[in-house]
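Right after this note come the structures.
Same chain, two partners: chain A is paired with chain B first, then with chain C.
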Partner chain A sequence: MSSADAVASMSTPPRSSGRGGVPLMLAPVGGFYLLFFVIPMCSLFVLSFWRAQGFDIVPTFTLDSYAKIASSPLYRIILLRTIGVGLVTAAITVPIAFALSYLMRFVFERRAQLILQLLLISLFSGYLVRIYAWRTILGKQGLLNSTFTWLGLIDAPIEFLIYSRFAVIVTLVGLLLPLAVLPIYSAMSNISRDHLEIASDLGSRRLYLVRTILIPMALPGVNTAFAFTFLLAAGDFVTPNLVGGSQGIMIGNVIADQFRGTGANWPLGAALAFVTVSCVMLIVWAINRVIRWVTRW
Partner chain B sequence: MNDLLKHVLDTRLNRPMHRRRFIQGAAGLATLTVLGAGGSAFGEEKLGGPLNFFGYDGEQGANVAKDFLEKNDIQLNAAFAGAADETLTRFKTGGRGSMDIMTMNKDFQRSVIDAKVELFQPLDLARIPNAAGLFAGFKDANWLVRDGKTYGVPMIWGDEPCIWNPTKWQGVPDRYTDFADPKYKGEIVLLDDPFGNIWLFAKSVGVKDPSRLTKAELDKAVAAMMTIKPNVAAIGASLGDMADIMIRGDASMGLGGWAYQTIIAKQKGVTLVVGSPAVDDRFFWSDAYAIAIDAPNLANAYGLINFITSPEANATLATELGSGCTVEKAYDLLSDDMKKLYDYSHVRAPGAGILGAQTVVPKQEPEGDIVGAQAWVEAWQAFKVA
Partner chain C sequence: MVTSGQRRHYGAGIFVLAVLLYLYAPVVVTVLFSFADSPRLSLPIQGLTLDWYASALANPLIVTALRNTLILAAISAVGGCLAGTAFAFGVLKLQGLRLRQALLTASLLPAVVPLLVIGIALAVFFRFLGSQPGLLNAAIGHILVSLPFVILSLNARLETFDFSVVEAARDLGAPPMRAFLDITLPLIRPSVVGAGLLAAALSLDEFIVTWFNVGTQLTAPVLVWGLMRRGVDPSINALATLFLMALLILIIASSQLGRRKSA
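And then the complex of A and B:
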C-alpha cells in the first residue's frame, strides 16, 4: 500500500464489515440492555402474576394483584397523586431548564461553560445530601423562614414549606434541574444563531420565533428533559419520604413497602410497578405528541 | 507437623466461607483437631478480614468494638435497615451469601422462626461463651429459641416511648388519642412503622391484644390515628431521621420514639426528654444479633457477638444507644442514670416479664377473623395518604 493509499484509507470512514457488522457493533449495547433491563423487567412482570403466602411467593398464575389495584381506591389515589407530582415537577423544571439553556447558548455564550459547570457541581454531592440541604432551606427554622422572620415579613414559620407536597416538588425541581438542562442545552448548541437572526430580520416576533424555530429545533432535547424529569420525579420515593411529611406519600413509597418483610407482598409490588411504568410511559408518549402538535402550528 | 496444620487452618479459615464449604471445612477441622492441632476453643479461632453487618444503626458496635476489630484486623462493613423487615428483603434480593451479622427485633425474629423462613442460622453457643452471662429473661427467650436451637443473642432492649422537647411541652397526655388536641398541630412526628403506630392506637382504643386485630378493630385503631393526622408534621424515615426532625425544630413531640434520640439530640446541643402516656403506656422491644444463613465470615461474626456480649462492651453499647443492657454483670457497670432508665425486673424474670409476653408485630398471614400484616400495611398507607 502506498502512503497515498494509506492516507486515503485513514480518511475514509470505517465501513461495516459485511452483513454481520451492524449486529456485532450493537451487541454490547444490546447485551447490556438485555441483562440490565429486559431480563429484570420480565422477571418482575412474571412475579406480578404470582401470589404471596406468608413470607414466601407461590409461583402460579393469578390476576389477584392487578384486580386489587383496580378495585382499591387507595392505589388509584396514590397513582394519580404521583402522576400529578411528576407532571408539575416536569412542567416547572423543563421551562426553567429551557430558559437557562437559552441564556447559556444565546445570551451568555462566553460564560456558558462556567454556568454549566456550576450546575453540574451540584450533581457531585450525594442525592441524600442535597435533599437534606433542601430540608435546611425549607424547614421551620430553615433559611427561608428565618430570613422572612428576620425581615419582619412573618410572625410564625410558614409550615407548608416543609413536609408537604410543595416541599416534594420544590426539592425535586432542585434535584432534577441540572439533568434537564443538559439535553436541552445540547440540542440548542446545534441551532445556528443565523436561523434566529434571519427569522427576526424577516419580521418574526420573539414569541413566534421561539415557537416556530427554537422549540422545534430543540425538541429532541426538550422531550428528553421532560422524560427525565417526569420519570425520575414520578419514580422517586426518597424525596417524599424525607420532605413529604404526612402528605407526601407517592407510589414509589407504596411499592417499596410491598418489598419490605412483614406485611410485604412482592407480587402486588411488582404489579404496582408495572401499572405505574405503563401509566408514565403512556403520559410521556402523549405529552410528546402534544408538543409536536403544538409546535407544528 | 504443627506448622503444616497451622497453615492449613489459616488457609481454611481465611477463605470466604459458604454453607457447603463451611461444612466441608468444619469436617476437615474436626479431623485436624483430633489429629493433634490442639483445642479448638473460641479463643483460638483465627479472625480477620471482612465482616458484613446489616441492621439498625448503632447496633454494629463500631465504636464499642473499635479496638477488638483493629486488633483482629476485621473490616466491619455496615449497612443499615430502617425496619427489621428489611433484613429479609436484603437477604432475598442477593444478600444471601454476603450477609454475616443481622440485628432484628424480637417480634420479627419470632415471626421468622415461627414461619420457618430461611434467614438466620442456629447459633453454636459454645462459640459465644459470654452468652452465659445474659439476664435470665434472655436465656431461652421464647422469641429466640425453637426446638432447642437458639437463633439470636440479645444485645440491647428497651421501649418505644414518647420523646419531646421540654421547652414546648411539660409532659405527655394519658392516652395516645389525646394527641388529637389541636394544641399539637404541626408538632408531632411519627416513625414510618405501620406496626408500632397501629399497635399503640389499638391499645389506646381498648383492644386487649393489639397485635391480633380483627378488621373492625383495625379500622377503629386507624380511625383513632386519623384524629391526630392534622397534628402530624412529619413521618420520619428512620429513628435517626425522626431525631433529626426534632433537632431541627420541625416537630417537638415524637410518638413511638427511642431513648437514643435524646443522646443524638444532646450531641447536637438540643435537649429532648423521654416519657410515656400514663394509661396507654408503651411497648417494649429487644434487639438481638443473628447470623445469616450462608454467612461468609462466620468466625468474625461469632467473634464480634461474643465480644459485644462481654459485660464491659455490653454496658458501653447500652449506654451509647440509650438502651437497656442484656448482660447481668453489665448492669453493675452502668451509670446511675442509665440504671434508672429501664425497669430491669422485666429481664431478670425468667420469660422476660412484659418483654416476653408482649407482641407488637402481627402475624404475616390472617388467622380466622384476625387480619394479617398486609392489612396493617395497607391501613398505614391509607393513613399516610389521607
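And then the complex of A and C:
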C-alpha cells in the first residue's frame, strides 16, 4: 500500500465530503439529455397524434396518421421490406462480428488492439463517403462489373449489384459491422482464459466448453449487437437513397420525405417512426426470448 | 479452443484480412478514383490526374460549407468535452457499481436510437419552441450524438485514474480547485483532448441530424450529399478524399492520445 493510499484510507471523512460535487458533475449531461433527447422524443410522440393541414400542424388528438399507416398497403409493404432488410443485415453482421471477436480474443490476442483500432477508424471514417463508394464498386459500370467484363467473365453487366436490396444489405453490413463487434468483443473479454484452460485440463470437450462457457458469457453481447444492428439498419435512409434504387426504398426514406420532402406531413412521419421503432423492438424482444429458450440447456 | 501452433491460423488470418478489406474497400476505392483521369469510374485506370481536386475546390459553396463545419466541430468538441468529462468523473466517483452501470448505460441511449429518429425529434422540438432551423440547432444535435461516444471513451480512459493522488493533495490542504488544476487536470489532459478530437470527428462526419435541423445552411456533408444525389461526378471522390484525410487525422490523433496512459 503506498503512502498516498494509507493517508486516503485513514482520512475517510474528508474523502466522502469530496463527493458532494457529484450531482453537480452529472447535471450538465443529465440536463442536456433531458432537454434535447427525452423531451424531443416525447414531442415526436405527441406530434404523431396531431394533424397536418397544408404547411401547418394542428394540435388535436387524432389517430388519423396511425389509421393511414394501417390502411395503406404501400406503407405495409415498405415496412415489411425494411424489417426484412434489417433482419438479413443483422443475421449477416452478427455472425461475422462474433467470429471476428472470437479470433481477436482467443487466437490473435496480440493483434487484438490493432484490429480494434482499425474497426473503430472505419466506424468513424466518412458515413456518406462509404455509402457512396459502394455505388462506385457495385455500379453498372462500376469496379466489379468493369473488372469482370475486362477479365472476360461476363458479357453484360450484372444488374442486381446496384440499386437493389442486395446493394443496401452489402452497404449496411459494412457500416454496422464495427459497431456489432464492440459489445461482443467486450463480453468475450470477460471470459478468462484460465477458466477455459482449467475446464479443458479437467477433461471438458471443446463443444462442452463452447456450450457452457463461451455462449452463455458472450450471449448478452450478441443480443446487444443484434438489437443495435437491426434497429440502425431499419432506421437508415441514406443507404437506400444512394444505392437502393426504387425496389430498395425503405421506411426511412418515407419518414425523411415527410419532414423534408415536397409533400411533407410531419405527424404522419412521426407516427411512421414510432410504428417502425415499436415493430423492431417487439421483434428484438421476441428473438431474445426465443434465444433464451433455446440456450436453456 | 486453445490451439497450439501457428499453422492452423492461416484460415483465421485470411478471414480477418477479408473482413478488413471489406470495411476498407470503400475508402480505398474513393481515394483511388479521385486520381483517375477517366470520368467513367471503371478499371483499368488509364491515367492519373489532379483535375478532380481542382474542380472540387472550385465549387464556390465549399468555403461556406467548410466554415460552418469547422464552427460545428469546435462547438461539439468543447461542449462535448466539458460536459462529458464532468459526467465521466461524476460516474466514477459514485458509490455502487449498479448505479454506475445504470447511468453509463443511460448515457449511451442516443447512440442506439437511429439518427433519423433523433434528427426528426429535434426538428419537432425546435419547431414547438419556435426556433428557426440553423447552425445553432444543428450544433445541439451534434453535441447530443457525440456525447455517448465521448463518455464511453472517457470512461474507459479514466477508469484507471488514481483518486488517491488527488485526495492526498486535498489532505495536505490544497483547496478543491487547486487540486483539480494542479493534479487532476495534468493527469487527464490527454484523455480529455482525445475525447474532444473524437467529438470533432463525429461532428465533421455528422449528416443525418444536421440535415433535419440546419435548414438552408450548408455544412460539408450536406454539400457532399447534394452532389452525390445529382449523380456520378468524380470530383465527389476528390472532395471525399480530402474529407477522409481530415477525419483520419482526427481519429488517429484521438486514439493515440488515449493510449498514452495518463495515471
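Going forward, the second predicted complex is superposed on the first by the 241 of 297 C-alpha atoms of A that agree within 3 Å, B and C clash if a C-alpha of one lies under 4 Å from a C-alpha of the other, contacts with A are read in each partner's own complex, and residues count from 1 in each chain.
By definition in this document, contacts are C-beta pairs under 8 Å (C-beta built on N, C-alpha and C of every residue); 3 or more make two chains touch, one makes a residue touch a chain.
All values derive from a computational prediction rather than experimental measurement.
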Key: First (chain B), second (chain C), both or neither touched by A:W285   = neither
Request  = Please indicate which partner A:F55 is in contact with in the superposed arrangement: first for chain B, second for chain C, both, or neither.
outcome  = first
Ask   = Touch check for A:F106: first (chain B), second (chain C), both, or neither?
value = second
Ask   = If you stack the two complexes on chain A, which partner ends up touching A:G139: first (chain B), second (chain C), both, or neither?
value = both
Query = First (chain B), second (chain C), both or neither: which does A:F259 touch?
reply = both
Message = On the A-aligned overlay, A:Y208 touches which partner chain: chain B = first, chain C = second, or both, or neither?
response = neither
Inquiry  = Tell me which partner touches more residues of chain A in the superposed arrangement, chain B or chain C.
reply    = C
Touching partner for A:R130 - first (chain B), second (chain C), both, neither = second
Request  = Check whether A:A273 is in contact with chain B, with chain C, with both or with neither, and answer first, second, both or neither.
outcome  = second
Ask   = Counting only touches as set out at the top, which of chain B and chain C does A:I77 meet: first, second, both, neither?
value = first
Remark   = Dual-contact residues of chain A (chain B, chain C) 135-136, 139, 141-142, 241-242, 259-260
Query = Inside the complex, what are the residues of chain A that reach chain C?
reply = 2, 4-5, 7-8, 11, 14-15, 18-19, 21-26, 28-30, 32-33, 36-37, 39-41, 43-44, 47, 57, 96, 99-100, 103, 106-108, 115, 117-122, 124-137, 139, 141-143, 145-147, 150, 174, 177-178, 193, 196-197, 200, 206, 209-210, 214, 227-228, 231-232, 234-238, 241-242, 252, 255-256, 259-260, 266, 269-270, 273, 277
Residues of chain C defined as touching chain A within the complex = 1-3, 9, 12-13, 15-16, 19-20, 22-27, 29-30, 33, 40-44, 82-84, 86-87, 89-91, 93-95, 103, 106-107, 109-110, 112-118, 120-125, 127-128, 140-141, 143-144, 147, 151, 162-168, 170-171, 176, 198, 201-202, 205, 207-208, 211-212, 221, 224-225, 228-229, 232, 236-237, 240, 243-244, 247-248, 251-252, 255
Remark   = Interface with chain A, chain B side, in the complex: residues 83-89, 93, 108, 111-112, 115, 117, 186, 190, 192, 194-195, 229, 232-235, 237, 241, 248-250, 361-362, 364-365, 372-374, 376-378, 380-382, 384-385
Ask   = Touching chain B in the complex: which residues of chain A?
value = 52-56, 74, 77-78, 81, 135-136, 139-142, 159, 162-163, 241-242, 245-246, 249, 253-254, 257-265
